[in-house]
Every structure is written in structure tokens, then in C-alpha cells.
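What follows is a set of notes on a single structure, which appears directly below.
For reference, chains read A, B, C, D, E and F in written order, and residue numbers begin at 1 within each chain.
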Amino acid sequence: MNPAFLPSPAELSPLEVDRVVELALAEDLAAGDVTTRTVVPPDALARGVFAAREPMVLAGLSVAARVFARVDPRVTFSPRVADGARLAKGDVVAVIEGPAHGVLTGERSALNLLQRMCGVATLTRRFVDALGPSPRARITDTRKTNPGLRALDRYAVRAGGGHNHRNDLSSAVLIKDNHVAVCGGVRAAVERARRAAPHTMRIECEVQSLDELDEALAAGVDVLMLDNFDDAQTVEGVRRIRARAHQPVVEVSGGITLERVAALAAMGVDVLSVGALTHGARAVDIGLDLEVTGSWASTPG
Amino acid sequence: MNPAFLPSPAELSPLEVDRVVELALAEDLAAGDVTTRTVVPPDALARGVFAAREPMVLAGLSVAARVFARVDPRVTFSPRVADGARLAKGDVVAVIEGPAHGVLTGERSALNLLQRMCGVATLTRRFVDALGPSPRARITDTRKTNPGLRALDRYAVRAGGGHNHRNDLSSAVLIKDNHVAVCGGVRAAVERARRAAPHTMRIECEVQSLDELDEALAAGVDVLMLDNFDDAQTVEGVRRIRARAHQPVVEVSGGITLERVAALAAMGVDVLSVGALTHGARAVDIGLDLEVTGSWASTPG
Amino acid sequence: MNPAFLPSPAELSPLEVDRVVELALAEDLAAGDVTTRTVVPPDALARGVFAAREPMVLAGLSVAARVFARVDPRVTFSPRVADGARLAKGDVVAVIEGPAHGVLTGERSALNLLQRMCGVATLTRRFVDALGPSPRARITDTRKTNPGLRALDRYAVRAGGGHNHRNDLSSAVLIKDNHVAVCGGVRAAVERARRAAPHTMRIECEVQSLDELDEALAAGVDVLMLDNFDDAQTVEGVRRIRARAHQPVVEVSGGITLERVAALAAMGVDVLSVGALTHGARAVDIGLDLEVTGSWASTPG
Amino acid sequence: MNPAFLPSPAELSPLEVDRVVELALAEDLAAGDVTTRTVVPPDALARGVFAAREPMVLAGLSVAARVFARVDPRVTFSPRVADGARLAKGDVVAVIEGPAHGVLTGERSALNLLQRMCGVATLTRRFVDALGPSPRARITDTRKTNPGLRALDRYAVRAGGGHNHRNDLSSAVLIKDNHVAVCGGVRAAVERARRAAPHTMRIECEVQSLDELDEALAAGVDVLMLDNFDDAQTVEGVRRIRARAHQPVVEVSGGITLERVAALAAMGVDVLSVGALTHGARAVDIGLDLEVTGSWASTPG
Amino acid sequence: MNPAFLPSPAELSPLEVDRVVELALAEDLAAGDVTTRTVVPPDALARGVFAAREPMVLAGLSVAARVFARVDPRVTFSPRVADGARLAKGDVVAVIEGPAHGVLTGERSALNLLQRMCGVATLTRRFVDALGPSPRARITDTRKTNPGLRALDRYAVRAGGGHNHRNDLSSAVLIKDNHVAVCGGVRAAVERARRAAPHTMRIECEVQSLDELDEALAAGVDVLMLDNFDDAQTVEGVRRIRARAHQPVVEVSGGITLERVAALAAMGVDVLSVGALTHGARAVDIGLDLEVTGSWASTPG
Amino acid sequence: MNPAFLPSPAELSPLEVDRVVELALAEDLAAGDVTTRTVVPPDALARGVFAAREPMVLAGLSVAARVFARVDPRVTFSPRVADGARLAKGDVVAVIEGPAHGVLTGERSALNLLQRMCGVATLTRRFVDALGPSPRARITDTRKTNPGLRALDRYAVRAGGGHNHRNDLSSAVLIKDNHVAVCGGVRAAVERARRAAPHTMRIECEVQSLDELDEALAAGVDVLMLDNFDDAQTVEGVRRIRARAHQPVVEVSGGITLERVAALAAMGVDVLSVGALTHGARAVDIGLDLEVTGSWASTPG
């Protein structure tokens, strides 16, 4: 595959891609493809085109490529565009060519992964576009990802122009309502976190009211998550935060629809975290049409 | 957990449940929960209630239970209803009790899985209900499941009153358009499958037109999938199929919306396969509210 | 390896082959090959011939090839015949060439797998040949396969001219005596299965007597398994089945020896399922003789 | 399970047992047991008896027990005899009781493993018995085990009264013909091994002739493997070996049948290694008959 | 095990503990413990005491406990102190009791893990103690951990009174010299990170000189790592940093010995990251002495 | 990589290397390298040199090479010396070249493994050198290796000129004090082992006193381990052993420092087993300095 289409290992861990592809194929290929085995001549060669059947933002080419490489290394998968591209209905995503058995056997696993990732990227793009041009605010994902597919979900969010929130429970401090309830108050929680959490992490705290917001500010929190605040509360919250010297980051969360995005950004919010990017995305429609191009018997070598 | 709430191993493989739970936790818990570790006293005990925040059909209790058992066996997870139940907003799903660290650490992984499975069950239930009471036709899933979660997706479909289509490429013969394209015709494909496929399988063939339908019938196919037929084509297709002595099963697929379901069933169709059950389901909203109930220091034993 | 010798991924899942090879090598190579390490110069190059030491049907070339590729990619394994071929004593199976360490280290793992698969294929071939030329009936395997090696066992059965029965518990309905005992009768069991099993599956029921056979026929079963019927019972069973309009498939099982095969087929049976194909097969004898061909020190590049 | 029936972790690694059971169930249970799920009421309770259907030596009880524990921990598996016992046709092996779904779902996986292990133990016992009472010589296995099942195969050999040869390539030095061929002679090979192999290992060398035997003796080998020697060669070989001061161990290998065993032992051989113990064993016949004993609905708790 | 001795899942992931224990045992137990199997009666019961053979800080009790639970659940492992405790030579760590086979088989794996973790905790404690009472500065680990054991290494650092640095490449931004070299300067690197890194992370930058330090401060970095600065440079660096309004965190790294720790802290440094905590720790000495206490034959039940 | 630098699969199992590399990368790369991703242009190409920052013996080149191959196959890693080489400060170990993302992402994992292995090899070399030229005695490792890294530790010991002791509990008989305590005496233990252990193994017994030594000699043990004997005891022990006809191997263990090595060898000891080779080794210092060499945009192909 042309390296220009391949995300770097820093972007998307090849171990994660391989793990997911292995899992998807083990689940679908199981003990072999009985239809292809019984119906299709083993030496048939095929050529096909993956095409967008609706407008979308692309994400996951290297994952689809890896599916076919794992199924049969003789199949070539040649992308025609790169992750992050905006496609119109009918645009060609990639061309595939090789032994028909391999192409047919990998088709559904590749599409399940690709359609899911494009779905996430496409929905993210809509949220990011709703911010308007050159936005100061960020759209981020949450941990409401598909179990087992988090790395791919989060990559797709970035391909759609979004940012990532914390990756997992060990990579950031986020004090939520249940932590506060169990620990006995916002101030105590923030101070404990400050004392013991790694110095590489900011301390973020979710607040449910302006009173909790004041308490968190007083405790010197780095990031405030305004949870399910209405517009008036959000405006007031941002005002109080901006009045502080150390300028904490303002995140809003809960009930963020495409319609509210621009208004929230205009209120001075820095981060809009949207669980729906991943748990509300639907698979977009990508098709594959094949034609026979010959058989090995008729090809040299 | 009360055995009445537990699906049997024949219903849902415990190996699959464990595998998915392991994966979800590895991904989210990673190197530990830095927030809980730094903020919550290690000997705090908590009690909480999982409650439906919108109407839903329940699926996945044993998966959520397994998350907490894996995180900390001292946490008890007690369901109040069983998979398949219809819940109203506010209904209690389960009560959880034990060390606060374990409860907080497992919360998101349990909810991600449970909300996804309930989402699939709820959407399936809507399709099944649209068939009307005591329907003769079935709603089934497809292979458009979440990679790595197929067993759970398919269990959720059944919890919602749906049926399963083939599980994977090795468990049924389904000749699709690309097989026909590569193999050179419906008749040849069906006959080859008949000769070589296991005798435990019916031979299913997707047809794109009434001509292909006739060809498949002539070849003695067992199940016909009418792909993207409009209503008139479907009526005519069913008429031609019902005229045959061996009574093949009639499946329709493609573009099946809630609105069309009853009409399609009335046309005499046996099976409506709906990819959206799994690839179009969104996570439903389930909440967990915790309170502290003491600490180990204050409990005997 | 010449692609003509390689089964397609639809025939034999590359994930299964890799999994088995990984397992076999982990078990045998363990922490390294102490004999080869201490005895053989690390730069020695060797060439060897795998040859049949008795007549056999070949199966498993790609598995043996994969062993050596995993041990040392510089070893070349070149088949001289293809899976399914009938070999006489002395026939060459494959030629191997490369670093002597890699060849010696992989030898036993490759042979263990290849000899087992050839053993299954060879025994299957004997059963299939016993049916006579152009048989209407099939010889099939059962689930009595080697734990962990089912995909390979079943592939070997097909290489020997046999067919596969169901792959696993989730890929077909087969109501056995213990199901009937627990469920309370053949009729109830068949009807329950019909209502709930996927529409892609035929319903098969094992019967122990002609009375059970009548009950299963009345319930509209698709496949009948006559379990341990003697010849007279089999003849009468087939007669009753053939009298039905919907023509169920007739399978016989239990005590099927090479001697009875032709007679059973002549009685009109469709399927003879033979557990011995896999649980009674013995490894056939294949030898490898090596010679030194030089050392890297003496080769350019 | 009564601990008296359980092999210690030193005898049979619980990690190996769990790994094999996991593999066998993943392969057979796959996405669930569609027959049991659709046919058997989920709350049915059953009781059954595993009984020998032919004479055999028992091996593998803890493996069968582990299958059911993994499928459903509510199933109890109670052995009536211990590994190593000689059973007559009809003897009870174990009693099983619990939810019918769990029993039916685990049955085949448990039997496949148990029947294989008993097959190996039974065949080994025949070879050991052929040595006569209180034999000085040993019957041992080889590395010709079932890929992935070596630990179980070797345990079964011991349950049948046999001994183990080396476990894998890293646990002993055994210089075979191909090592000699590549390394340039018996003496060089033995001396190199002596210099570099761990001091915990004896040095064993396979010899193809009396000349090679003399060369190996001169090189001070610890164990001699007489490969495919006829009786006269064996007698002469043993004579030459016994004439040495350091008394190497004498092993014979190749073509060792039940008929030759006593004679070979009488010639003064120490070890008879028999590949057939594992690669030639067939599964013995063990049956399970079930009856319904009630349902959970009718049981308290 | 008494829950007071058990770290919570937020502290130490049970998945990581199980994974490591599984790995250690697979590696050491392999195909069984041939010495114990051949030498020790299978029904012997033993009791033993783990005792410190030198002064140490304890870490890893739950890991050692898990080794024995995995080997034989009938073995009880009862800690007498908790992780983090300072032990003198001769202090009892834990008492073990149960079947001798299980105790002997797990001993080395348990000790390898426990001695390593105590070694890390003990060395960390020495560094922390060198800071003096109630220190404002922190001692932290680095990513120079034992491959595969990072979660355990980092837990041990905390048990010794240290703090953790970032866990892995995805959990924090740390711009090092090679990043600066490839990216073309400190300022560009910091600004790019600020734009794209998750808002939960501080931006840390390693600087090699006071000029780079100024550049990083100007770019608004959150954490400065002074790499291999001598004392004079460190004093001047801290002075410049403290002059900034936003008060970045000051970390020193490279060549930090026990002797320099107090002085560096006195210079106003916040964090001292010490690779030696993990890559320079040696296993401390813990002994196990066993005695026989009977046999199962002589115990009821 | 030049094959001359690659250990053969008999030396170092490629499965072990892959397993460890996979583990190390999964742990460190996790969900991607956030610093490299945000800071470094994705098309930057870099070149760097791995150089020794202190004198050392090299071990682990193929492991480091495998890290980069796994991260990004476009990165080339070219060793300049071979495992076993003695390096001075400043000597070049290897040159690396390719996409900067891959190089930066794999750097720490490769160094952690390489520095550890070189640390073991270097320490071993010091012990071996202390024996003097052409020593008759061996320095060996023990089972006190890093959990999960045993194969690499033991390879590194050999690269440093040492020998391996037994690999694991199943590959040799070593009767230790706890076995003797549980079994009731040295003589009984040795005789039981002789009867039941594989004939490929020598029987080794640890002795704590000259009386136990006499008992072990009388029982005909093959290898004696003198545990924590002082010099006088060692001299007397060797004298008694050399007086026996069958010449057992003499191993000393416990408290073996660099200072005592030559003296112990001079006393006639055969084997000095030193746990510190692996549990006391520290990572040596190897550096990597990178420079940018261009970008893909500017390279053809």
C-alpha cells in the first residue's frame, strides 16, 4: 500500500490494528467460507471497486487493507484517497484485485470495520463543521467507545477533525459525581488528586452546579467539566472561570447536539465532549462490486 | 447472581463473555484507575442503583455482572429484572454493593457493554412489535455486527424477540451477487453448493430480479433472499415461490424500515433481515448513582 | 510456495493454520533446540527431501510450509505434489532447503502435523473408495476431532474425498438421544427447533428405532440420523423415509466399517458419518533425509 | 471434585489443562449450542453417568471436570474412580448433575478429551503389561504427540504405567541421524554437545549401526538409541555397551510392537520408546446417558 | 486473603496481575515439575514461612498470593504485614500452608516476582527517605521498566513512597531531545503539542541547556525537564522558572544519585525522575522454609 | 538484517522474541505515541546511531531489530557488530534509518530490551573472565530470571560466555532442601527421582553439609550442588566426590562473588551457578542520537 495512505504507528498502533483484524476475522471466517469454497473456482481472479454510496468522511483504510493482507497476501488493496478525505456519493475509495476467494472471504470483515470507522469520522466532521471556520473550541470524544475498538474509534474521531479526551482510566484524572459522592466533596477530591496524581496530568473535575464550580475553582482545578448545564448556567460558569488568574480549561458535556454546538462555542467554552461521536455513530454505506478478470491457470508465474 | 437471571452456556458462551469483558477492561482500566486511586479512600464501601433513563428492552445483565466480578469479586451485582424485560424510564435494573474502588473502576466498562446490548435489544423489539401480535414472519440480524462483539449482538437480538441469521461464513451457504458474478450464474452456483456443502445446511441465494428468482427456483434453492425488491416485485416474487412444491423460505433484505415491516409480512414473506438491528443501534441511557455506605474498618470480618 | 499448492482462505483459514503452527512450535521448540544449538554449526546449509514411506493421500502441505516459514523465513519448502494426491511409497512430497538450524528445528512439528493430516485424508479416501465409482452417498466426519485441530482435521477429510458434517454446536441443529431424553420426545424437540433455529439450517434428528423415525418424519424433520440401525432396520427406515413427499436426507451413524460402506450406500442412504475418520486415524509415515550443501560463509550475499 | 482424584500441579500443569479446555470449547461451543438452546427448557436439571463401553485404563478426569466447570460452574462432576484405574466394560467413570444446558453443551468436548487420554493410557498399559511383572525396562513416549496436547498425552502415558522421554527440543540432547549428517560424524556431535549442553542433561545419540554405536561409546555418550536394530544387532549392541565401565543407558526405538516388547526387555534393553503410544492411539468408547431430574422452578434457592 | 492486604483494582489491575502470573508460571512450570512429581508424595501437606533475609520494604503480596492460587487453590497464603511495610531481617512476610506439591511448584515463580517488587520498593524508599521528612519534592519512576512488568514495577515504586511518571507513550506528552531534533526546535514542538494533544495533559519538554529552557518557557510549557543539568545550571534554571507567572513544574533527570537527592530538592525542584528505581533495582532476599505437617490420608474431608 | 547477526531459531526461539516484543510494545505504545503524533511531521525521515555509552558485551540485536520491524517495516535497523562482541565506550552498535515516527515510537522499547540483555551479557562476561583463560569450570545462570523474559535472559548469559542451568521445572531434576525436608531425606529423594524421572536427565541434589553430601554420593547422584559451603567445606566436598568411581559433577551455589570465582574453580569445581547474572544485572547505557534526513514528499517511490 502506498505509504502516503498509511497512518504512522504513532497515530494508530499496528498492534491494535492487527489485534482487531485478527478478532474480526476469527469471528467471521471461523472454520472457512463455505459459500466461497463450494461455489467459486479456486483459481478465479477478481477485481473490484470500493465506492461510497453516500457522502462521508473517510477513516480506516489501513484497517481494511490489513484485513485482506491477513486473508490472502496476494490480494492487492489500493486506496484512491486518504483518511480524512470528504467523499461524495459514488466516489471511489479503493481498488482491490487478486484471487476471488480472498476478496470474497475478507469483504464483510473489511466493510464492517471501514463502515464503522467512516461513520464515526463522518459524524465527528459534522460536529466540527458546526463550530464554523477556524474554531477556537474543540470537539472531543469520550470513553463511550465500542468495547475492544477504542483505538480505532479515537483515530476515526481525529480523522473527522475532532480531538481525543482521555484514553482510559489510567491516562488522566477526571473526578466525576460518583467520586465526589464517595469522597465527600469537590475540594477534598481535587486536593487528594493533586497530591498523588502524576505531575504530567491536569486535574479535571466534573461539576453539577455553580456552587460546585466555585468549590472546584477554589481548589485550583485545571479543567472544569460543566455537566448538563443549561445555556444560562454555562454563560455564568464561563464568566466565573475566566475571572480566575490561572485560566482553567472549560469543558461542557451532556446533551450536546449539532444545534447547540455553535452557541456553546460562542459562550467561550474550550472543549465540547460528545459521547455520541462513538456510541451514536451508525455505519455508513460503502459498496463493493466485483468482476472476474481471469484465472491463475491463464496467468504466467 | 440469581441463576434465573443468567443465560445458559447454550444461549451465550461464557468464553465469549469472558473474552469481551477481559478486552473491555484491558482497554479501559489499563494500568489502573488513577482518579479512583488518588481520590477515593481504599476502604470505602458504596451502594448504587443502575436505572433506566429511558424506555428500553434489557439485555446483557450477565455481561455487566461479569465486569464487576472480574474487577473485584467482593462487589455484588444483583439484577432486579431479567434479560428481555421491557423497562420504563426510572425502572431499576440492578443494585450494586461493595468496595467503592471496584464499583467505580468497573462502571464505564459495564455500562458501555450493557447500554450497547440494550440498544440492540430495544431496536429489535421495535421491529418485532411492528409485525403485530403472533407474527408468522421473523425479524433477523445480519453479519453487520460490531467487530469482536458478534455473540453479544446476536444474543441481544434474541433478547429483543428477533431471530439470528447465519453466525459466520462457515455456518451457512448464502450465495450473494458477487459470488454469482464470479461464478457465472445463479444456477451454476446453487448446483455447486448443493454438491459440496454440508448436508445440514439449506442453500440460500440472493436474487436481484425476478429472472434470477426463476433461475434460483429452477435450481432447487432452499431459501431465497429478495434483495432490494420493491413492493410489486416482492408480491410477484412470493407468488412464484409459493407456486413451487418444495416451498422455499422467502427472505427480504435491504431498505427494510419500521414502516415497511407490517406490509412485507402481509405479503407472505418469512424472514426480514435487518442489518440496522446491529449496525444502526445506538447505546441507550442507563445511569448509576452511588452513595457511601461505610468502610471496611467499620465492618466485621 | 507455488500458489497452486496453497488452499484458499475459504478452504482453510490462515488464522487457524497460524494458530496451530504457533501452538505446535511453542510446545516443541520451547526455549530453543539444545541439540541443534550445541551440535550443528550455525552457518550450515542443508537440503532435504520429504518422502512418503507408505502409500497415502496427501493433506497439509501449507501447514508444514508454515512451520518452516515461522521458524526461519530463509528456509524454502517446495511441494512437488498437491493436497489430495495419492502417493506411493517413495514418492517425493516436498523439497526443503536452507539454514540447517531452521530445518532441524522445525522438522518434528512439521511432520507431526503433516503425518496426522495425511493419516486422516488417507483413511477418508479408503472409505470413499469403498463406495465405488461416482457414488451418490457421502462419507462425512463428525465432531470427534482432535481438540484444537478441528479445522485441519476437517480440511483433511475433504482432501481425502469426504464431506464435512456440522462444524460445531452453533452451526447446525442435531437433536440427539440426550436432547430427546431431556426434552420429552422427538416431536416436541423437532417442533421447538423449527420455531427457534435460524432459517438457514436444516433440522436433523437422531433416531434410535423405527418408532422414533416415524415420529420424526411426522414432525417434518429435514435430516434423519439412523443411529446404530442394523441392515434390516436401515432398509425399512429408508423405505419409510422415501415414501414421504418432502424427501428428508438419510444419514446413518454408528459402527460403520469399511466392509459395510458399499452395502449401506446400496440401501439408499445419503450420508454415512464416520467418527473414526478423525478419532481413529493414525499418523502415516513420512521421512525427511537431509544432506549438507554448504555454509553461509561460502555463499555470496 | 474430591482432591484424591485430582493430579497435582506438579503432575499436570493447571495452566495446560485450562488452555486445552478453553481451546476445545472455543472450537466446539463457538457462538452457542443452537440445538440445546432451541430444544431444551433452560431450567431443566439433569443427571447422567459416564460409563466405560469397553475395557480401558482411565486418564483425564480432571480435564473432563474442568470442561464442565468452565461451561457452567453449577454442574457437578463426581468421579467414581481415579486416573490409572483399569475399568471393565460398564464400569462407572463419573456421575454428572446440574443444569441440562451445561451438561449437554460440554458433553462432546469433555468426551473428546477424555476418550483420547484414556486411549493413550490404555495402549500404554498394554505395552507395559507386555513387559511382564516388575519389569526392569521402561516403555516411554516420544515427541510424536498430538500438536497442542503434548502435556495431556504425556500425562496419559504415565497414567498407563509408562515413562516420559524428553518433553521438547529444549529439555534434552538427542543427536539424531540428521544431526550427524549435518555435523559430520557421531564423535564430533557428541563432543560438541558435551561441551555446550547444560550439565543437568545426559547426552543421548541415535545410532544406525554397530559401527556408529562403537563411535558413540568411544565418545562417552550417556544414552544410546539403537534405531531400527534387528534382534541380532540389538543383542550385540547391548553386549558391547555392557562391556563399558560407565554403563550408558540403552534405548531401542523403531518398529517396536507389542509382540517384540518382552524379547527386547530380555535382551537387557533399558528403555523402549514407542511413538505409537501417542500417534497410534485411538479414542476409546465412553458413553453418557442422561435423565431429567427436575427444574430450577421446582427447587428451592 | 485478608482484604486489608489486597490492593484495590484501581491500584493494581487484576488483569495485569493475572497476566504476569500466568506468564511466569507458563515459563517455569512448563510441562510440570519433574522433581516434585518424582520425589514428593502427592498427598503430603506442608507449612512454611516466607521471611525477610535482609531489611526491605514490602511490595507484591497479592502477586505472590495469586501465584499459589493459580497453582493450587487449596494452598493458603496468609500475609502477616501489608505492602509498604518496612521489614527487618528475619521478619515474617507470610505463612503458607497446603499440599506440598502446590507449594513447591509455585515457590520460585512467587519469589521471583516478590523479590523483584520488594527490590524496587526498597530502592525507592531509600531515595524518598533521602529527601528528608515531609518533602515537597517527589521521586518518580521512568519508562525504563522491565518489559512486560511495568504495572508491577510502578506499583512497587508507589509502595516505596515514590510517585509515577507517565505510564506509556499515549498517556502524556514529553518532548525529548530527539523530538526536538526531528521537529526543528523547542518552540515549534511545544506549540504543536499544545494544539493537538488532549486537553487533559500537561505539556512537558526536556531541555538540555538554559537557552532551551528559556525557549520552552516562552512557549508556555507546563513541565520542564532539566536533563543532566549540573548544580549551578539547576539553580539558575529553577530561578528563571520561578520568575514566570504560570509556575511550571520543574523536573530533573539524569545522574540522580542518593547523594544528590537532598541537595536537588533544596534547590526547589518539584520532581526527581530516577530510571534506576526500576532498571537498577536488584532482587532482595526472601526465604521460604517448609516443614511437613501431615498428609491428606490423615485429614478428614 | 544481515543474517550473520541473527541468532538461529535453535539459539533463540523466534516465537519468544515475537512474544516479548509484542508485550513490550503493547505496554509502551498503548493507544499510540501522543508526543510523536502531535509534534513530529508524519513524513519526516530520520537516521540515527545506537552507540555504547560504557564498555559492554552485546546481546539482543535481533530483539531490538524486531521491535522496529513490528512498529514500522519501513524502518531499517543495521547492526554493525554481532551478539557477544565486547564494545568500548562510543562504539557503534547499529544504524537506524526510516520514517521518524517509527523510530521515535520504538526507541524506548528497543532500548529497554537491549540494555537489559547487554547488562546480563556484560555481567556474565565479568564472571567468566574471572575464571581465567581456557577455564575448565562453567559459570551458569539459575531460574532467578526476569518473569516473562527467561529465554532472553538465558540467551544473554550465553552471549556473555556463560552456560545455562536447567530451563524450567520440567527440564531437569534438582532436589532442593525443601524437597528433602518434605520427602524425608536425601537418599529417599534421589532414589525416587531415579526411578521415575526421564532417562534423559541427570539427577542433581543440593546438599547443605558434608553428611548430606555423603548420603547423596551413596545414593548415586549425578550432580551435587554444594549450597553455601565455605572454602574448607568445598575443598573437602570435592575430595570426597573425586574419590567416587562414577565422577559426579560438582556444582557450587550461593554467595558466589567475582572475588571467589577463581579460587572455587581452582578447588576443582565444575559448575558455579550465579543467580546474580540475571537478578542482579543492571541495564547498561546505550544511546540513540537522531537527525532528520528528509521527508517522503522529497523522496521518489
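The definition used in the following text is that contacts are C-beta pairs under 8 Å (C-beta built on N, C-alpha and C of every residue); 3 or more make two chains touch, one makes a residue touch a chain.
Predicted model, so just to flag it, every value in this text is computed and none were measured.
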item	value
Intersection of contact partners for chain A and chain C	B, F
Chain pair equivalent in interface to A-C, over half of contacts matched, among C-D, D-F or C-F	C-F
Cα-centroid distance, chain A relative to chain B, in whole angstrom	22
Separation of chain B from chain E, taking each centre as the mean of its C-alpha atoms, in whole Å	42
Rounded Å distance, chain B centre to chain F centre (Cα mean)	50
Residues of chain A whose C-beta touches two or more other chains	10, 29-34, 36-37, 40, 104-105, 150, 167-174, 196, 198, 201
Touching pairs - complete list by chain label	A-B, A-C, A-E, A-F, B-C, B-D, B-E, C-D, C-F, D-E, D-F, E-F
For the chain B and chain E complex, residues of the former touching the latter	22, 25-26, 29-34, 36-37, 40, 42, 70-72, 74, 99, 101-102, 104-106, 296
Chain E to chain F touching residues, read off their complex	20, 23-24, 27-41, 44, 46, 48, 100, 104-105, 107-109, 112-113, 115-116, 143-150, 167-176, 178-179, 181-184, 189, 192-193, 195-198, 201, 276, 279-280, 282-283, 288-292
Touch list for chain C against partner chain A, complex	3-4, 7-16, 150-151, 154-155, 167-168
Residues on chain C engaged by chain B in the complex (per definition of touch)	10, 138, 140, 163-167, 169-174, 196, 198-202, 204, 223, 245-246, 249, 251, 270-271
